[in-house]
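Here subunit A shows up in two complexes: once beside subunit B, once beside subunit C.
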Partner chain A sequence: MSTVAYITARGLFGRRRVLLLLPLPLLLVGLALICRAYDVDPNQWGQAVVVGLGLAVVLPVISLIVGTGVLGSEVDDGTIVHILTKPLPRRDIILAKLLVAAGVSAVASAVPLFVAGILADSVKFGLALAVAAAAGAVAYSALFLLLSLVTRRPVLLGLVYILVWEGLLGRWVSGTRVLSIEQYVITIADKIAPTGMLDGKVSLPVSLVMAVVFIIGGTLFAINRLGSFSVAGETS
Partner chain B sequence: MSEAGVIHDIGYQRYTGPRLGRGALLRALYVHGLRATFGFGRSAKSKIFPWGVAGIVLLVAVINAAVRSQTGTWLFDYYAFDDGMSWLVIFFVAIVAPELVSRDLRSGVLPLYFSRPLRAADYVIAKVAALVTAVWLLLGVPQFIMFLGGAFTTKTGMKGVWHEVGLLLPGWAYSVLWAFVFASISLLIASLTGKRAFAAGGIVAVFLMTAPVVGVLSVLPSETSRHLAGLASPMSLISGVEGWLRDRHDLGIDVGNFGVIYGIEAFCLITACLLLLLARYRKVASL
Partner chain C sequence: MSVVELENVSRWYGNVVAVNDISMTLQPGVTGLLGPNGAGKTTVLHMMAGFLSPSRGTVTIDGSPTWRNPGIYRQLGLVAEKEAVHGFLTARQFVVACAKMQKLPDPAAAATRALELVEMTSAQDRRIETFSKGMRQRTRVAAALVHEPQVLLLDEPFNGMDPRQRMHMMELLHKLGDEGHTILFSSHILEEVEQLSGLVQVIVAGRLAASGDYRRIRRLMTNRPHVFAVQSSDDRKLAVALIGEKSVNGVEIEAGGLTVRASDYGSFTRALPRIALGEGIRLRRLLPSDESLESVFSYLLEA
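Moving on to the complex of A and B:
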């Protein structure tokens, strides 16, 4: 299991595409620094930076790139066969990959959010954002890992989820918020450190339970899908 | 017809008849690209995403036209339609741009293309033209539906129709601007990687991460920075150009007296992206 995790991490970091993870967090921290330097009231920029950029873009996009990268790229170039033919339970493969994906996206998104939170309000707010972002990263990773097993175009479907479901519908249709990880993250962070910046629209029990449902359900379903996985050619 | 240095015989079949030149190659690439953007000639699976987006956009236009013919007021006019559809346009180029250029990189056909009388510039022109046309169709056809809705329900006869044409044409021109900005940026990003998935993620990330920058810059305590905030994101850049050309200050951003800068930046952005694309294809290694 540790070997699978090691290989996955190396596949993730050993290529140029890991550089894709850098600009987003840097932009987040940079914007917060600029606002801080100009002494703008955090109530004016906090929402735009922390929610608009941090929770709505940085966290899901990083989780998407990492979450579909750990398994999807192996499915794409066919090297998944090498792992599948080893005498390993499929469960271990999924768990190792999920661990790496969640760990990497949690670090890559929680650290800049922590810094932005400190700059916006206080250390407590930063910690709340970091904890919520880490929880969100695990849920997103489970979802996107599952997507890369059930469809041949995981990134596009993931983008539909981020852009259309959370971005467009989540803004106007209140019913879709119950199934939006972004809203759970906002609620959790808001409950740990209440500020005027975050505006949780779902209740805390709902977000905690649904986040766990996403994590456990996604993992179990992914294990199930990998159990009967068939290797096919590239889509046309 | 054959020029020196052009490999025609790649070992499959002899052919000694006349050969078509660069123009025909460019046209073939353009037509193929345009068909590929909407999934024509591909499997049903690859039609899902582009036609899903096109379906939503068309539906919005039909609803808008219906509301207007019933109540006489727009939900949004031709310009606001483009602005309102911006997220779907981002998604559309994220699907289509990797389809146009990343596939060629991944399957390694570029050395084959460029061993023919096809220049790098021709390839870039054909791909950009295909994507610009596709995005323009995505926005222009719904606008035309809105126009039909308005023209058939007009109360003032031919004069009303001409008035409607006068509204539609600038709307179409606005869509052309959208198409050029989005096509040039997304093709440049997509041409950097052979993996369609990462290209799509990269395109969405670039467009989305610029939007909050505008929000932040516009709250800085400086009049100038508020007027110039829109320059940071392609979407607000385009509405800034609209605000400048139509002299409007009630749009999302107030460009103040800096409107001309928006125009210059839009032009420079498109030119820079196209030149970088050309530079990208100066040298193509087979991946």
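Moving on to the complex of A and C:
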């Protein structure tokens, strides 16, 4: 499992797409710093920066880049065959990939959110955002890892989930929030450090249970899909 | 010693039948999987390697199914046609990683041995992305051999190799075959198959057209006259005598000797020395001239 994780991490940081992880966290921290430097009241910018940018964009987009990168790019270029032709339980391969994806996404999104939280309110708020973002990163990673195995266009489908399901439907159709990882993250952070900036629309038990459902369900489904991975489109 | 077995295997994609009711058994030794482009070679190899489920039938290695059974990779090595490798690793890192994923007791030693086998020791510390096509191919072969698998499947293994590397790879596969490994390699280049193996599995349009030693397959094609080149002390006299023989369909007298078309391989080869002896003619050369894999293959395609 550690060798798979090692190859995955080397592959992730060896590709140019890793550079895509930098701009969004920098933008988040930069905006928070500017607002703080100009002494703007956090009540005016906190929600827009922390929720509108941090939780609705930075966390899911970073998780999407990383989550589809750890397996989807290997499926695309065919290098996955070198890992699959080993007597490794498919569970170990998926868990190694998930570990790397969740770890990198959690660090890349929790750190800037922690800093933005401190600048907007307090260390406690920053910690709450970091913990919730880490949990969200695991759930998003499980979902996007699964998408790499069920579709040839995981990035497109992931963007549809983030922008249409969570961003659009989540705002106007209340029922869709039960299947929105962003809402679980907001609720978890709000329960740890209640502020006026966060407005959880899903209860904590639902958030925790559904996050676990995303993580375990997505992982089990991905293990099953990898077990029957077919090399498609080469019929010569 | 491992045996790969396909039993009544078919594979279709929607309405397209890629492989149609194929049964074959691969014994230890080197076997060539031959067929024109689009015949279904890669589909058969992928099913053997556990990367495709047969729509019907079973594919097994020593009785264990290959589909959804990662355990078979302890005894199976695959060199796929697609050249993708983790280019950011050095050849050594890549082969060591493969040895570790095989859970070998001494991955470093196994990697050293495998890299030596394919003559990649001198370039082992270079990143794979800097390699030529042939070097990448050899690195992939080293990775497939690192756990000394009993069964080795290679899809177009000589692609991109220069003649010297090709020769070396052929020697290596010969050696492994002689040691009792079961090796199947696909190719559409007849010379490669001819040089490497007498045993072939010929697939044409998704069906198994022939299986076994190609020279023996040729002899079983009784509807095609067998062509022999004959040289003797008196070609013209021999031609006259041969035309009276029942198994001979025709004789051509050419500058370098006779070209004889015989309907029956066995009857002709038994009759020729008798006739020559009776006529007092000395035979200098007798060569079956259409027993090359190329003629067998073209006969099968035409059939």
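Here is the rule we use: the second predicted complex is superposed on the first by the 232 of 236 C-alpha atoms of A that agree within 3 Å, B and C clash if a C-alpha of one lies under 4 Å from a C-alpha of the other, contacts with A are read in each partner's own complex, and residues count from 1 in each chain.
Here, contacts are C-beta pairs under 8 Å (C-beta built on N, C-alpha and C of every residue); 3 or more make two chains touch, one makes a residue touch a chain.
Keep in mind it's a predicted model, so treat the numbers as computed, not measured.
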{"item": "Joint occupancy of subunit A by subunit B and subunit C, clash or fit", "value": "fit"}
{"item": "Touched partner set for A:A130, first subunit B, second subunit C, both or neither", "value": "neither"}
{"item": "Partner contacting more residues of subunit A (subunit B vs subunit C)", "value": "B"}
{"item": "Touched partner set for A:I181, first subunit B, second subunit C, both or neither", "value": "neither"}
{"item": "First (subunit B), second (subunit C), both or neither touched by A:M210", "value": "neither"}
{"item": "First, second, both or neither for A:R90, with subunit B first and subunit C second", "value": "second"}
{"item": "Partner chain(s) touched by A:T68 [first = subunit B, second = subunit C, both, neither]", "value": "first"}
{"item": "Which of subunit B and subunit C A:T3 touches, first, second, both or neither", "value": "second"}
{"item": "Which superposed partner A:V29 touches (first subunit B, second subunit C, both, neither)", "value": "neither"}
{"item": "Overlay on chain A, subunit C to subunit B nearest C-alpha distance, Å", "value": "12"}
{"item": "Intersection of subunit A interface sets (partners subunit B, subunit C)", "value": "235-236"}
{"item": "Subunit C-facing residues of subunit A, complex", "value": "3-4, 6-7, 10-11, 14, 77-79, 81-90, 227-231, 234-236"}
{"item": "Residues of subunit B that touch subunit A when the two form their complex", "value": "42-43, 45-46, 49, 87, 90-91, 94-95, 193, 195-198, 200-202, 204-205, 208-209, 211-213, 215-216, 219-221"}
{"item": "Sites on subunit C touched by subunit A in the complex", "value": "13, 16, 18, 37-43, 46, 49, 51-53, 67-68, 70-74, 76-78, 80-86, 88-89, 94, 97-98, 100-103, 143-144"}
{"item": "Residues of subunit A that touch subunit B when the two form their complex", "value": "17, 20, 23-24, 27, 31, 34-35, 38-40, 44-45, 48-49, 52-53, 56-58, 61, 64-65, 68-69, 72-73, 76, 152-156, 159-160, 162-164, 167-168, 235-236"}
